[in-house]
Amino acid sequence: MTRLTLLYFASLRDAAGMATEDVDTDAADLAALYERARERHGFALPRERLRVAVDGAFAAWSDAPRAGSDVAFIPPVSGG
Amino acid sequence: MARFRLSDTPFDTATLRAGLLDARVGGYASFEGWVRDHNAGRAVAGLRYEAYPELAECEGEAILTEAVARFDILDAACVHRTGDLSIGELAVWVGVVAAHRDAAFAACRWIIDEVKARVPIWKHERYADADSAWLHPDHPPAGNSHGGEPPLS
Amino acid sequence: MARFRLSDTPFDTATLRAGLLDARVGGYASFEGWVRDHNAGRAVAGLRYEAYPELAECEGEAILTEAVARFDILDAACVHRTGDLSIGELAVWVGVVAAHRDAAFAACRWIIDEVKARVPIWKHERYADADSAWLHPDHPPAGNSHGGEPPLS
Amino acid sequence: MTRLTLLYFASLRDAAGMATEDVDTDAADLAALYERARERHGFALPRERLRVAVDGAFAAWSDAPRAGSDVAFIPPVSGG
């Protein structure tokens, strides 16, 4: 099991009811990590509409979860 | 000095502009996004911008560095507000200086488009009817050719 | 109120911008032309703009009226300096407000291009080597398809 | 003979050594009026590169000179 922290923003944070969540996971990659969070919190956004970042840098969904990292699921942005 | 930054308080564009000007500058193009009273046909009462600050600053800086490399410009900068904003408040400023206006206009337009598409900032609109919503527009994430979902409202 | 005017003294763009903003505005695009220290490879010491004021104001106003009709914008304005200017002085400002940025950028670009092509204002450059020249660029007069002469230097 | 005032700007004014010139002319149109001024003052700019304005409004080269009017020869502009 890998222990790490999930970061939620915007509608994901509202749906989860929290901004961060510490989890122990055996997900093989970041994609699976999101799918589990999505089931747990009922996120409306499919993974295809998100990006993922690890420790403040964009990452690939196929990356393996790293122990102690911050994993942020980035919903479609709307700055400007 | 950082070319991109977030600001959780109102900021002065005259000061920012002055920071870009020097004797080589022939043209200054700027764009400002202001909070307007309507969006997509709904009366807007105000809004909040939330950012993932570490990633937003990193991605914003990357956009401005790329702009200076791609276009024949002297310098460029961008500041984006976060937090609660009222109607008529400044949300984002982009300023570009160049010897000539072609490059200044092209770079200014490119920067605001990239900031809107790539920088992790989210707009939460409060409507006059007391409803509110996060805006998650339906442009595909950068580097991803999928994304044909309807916009979340 | 006039949308176009000449100014024989320095002017403040923040005041001009404030005059364009209201609650409907989502985007403000602006362009400023500044006196730079070089032009066409020559070191410039300063310059003078001379206008034919009656015709310049009439033609400038016609351009801005046309911009408001052609583009989906809320308003637009332009001020052009006349008289003696030093390096680093503001020569011309164009500001455009719109609900959306596409129209704001397009109109701002169109206005400065038309002002440069049509408004009877002439630039007299003084060079670092004590020479000086009127600039009469080789774009054809509006409504005239001739004009293939080399630029007068 | 028609009496009117010519207005010179920029390089035309420098070449003429004056900003305005009162003339009596029998030129048939504004084009001929410019050609005579060009001969008189040695203007370098051919008429094809100019516009002409009468009393503060653009006019056609084929217009007849009007008594008492201000006729401005407009060299290529360079504002901005």
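We call the chains A, B, C and D, going by the order they appear; numbering starts again at 1 in every chain.
Operating definition for what follows: a contact is a pair of C-beta atoms (placed from the backbone, for glycine too) under 8 Å apart; a residue touches a chain by one contact, two chains touch by 3 or more.
These numbers were taken from a predicted model, which means no experiment stands behind them.
J.: To get from chain A to chain C along touching chains, fewest steps?
T.: 2
J.: Upon optimal superposition of chain A on chain D over Cα atoms, what rotation angle is obtained, reported to the nearest 5 degrees?
T.: Value: 180 degrees, nearest 5.
J.: Any idea if chain B and chain C meet via the same residues, over half in common, or different ones?
T.: Chain B and chain C contact each other through largely matching residue numbers.
J.: Distance from the CA centroid of chain A to that of chain D, rounded to the nearest Å?
T.: So the centre of chain A lies 74 Å away from the centre of chain D.
J.: Can you work out the whole-Å distance between the CA centroids of chain A and chain B?
T.: Centre-to-centre distance between chain A and chain B: 25 Å.
J.: Where in chain D do residues touch at least two different other chains?
T.: Where chain D is concerned, no single residue meets two or more other chains.
J.: Which residues does chain B have that touch at least 2 chains other than itself?
T.: Answer for chain B, listing residues that touch two or more other chains: 33, 112.
J.: Contact residues on chain B for chain C in the complex?
T.: Per the stated touch rule, the residues are 13-14, 21-34, 36-38, 87-88, 99, 101, 104-105, 108-109, 112.
J.: Which residues, counting only chain C, touch chain D once they are in their complex?
T.: Answer in residue numbers: 33, 49-52, 54-56, 58-59, 80, 91-92, 112, 115-124, 134-139, 141-142, 144, 146-147, 149, 152.
J.: Chain C touches which residues of chain D in the complex?
T.: Spelled out, the residues of chain D in touch with chain C are 7, 9-11, 14, 44-46, 48-51, 53, 56-58, 72, 74-80.
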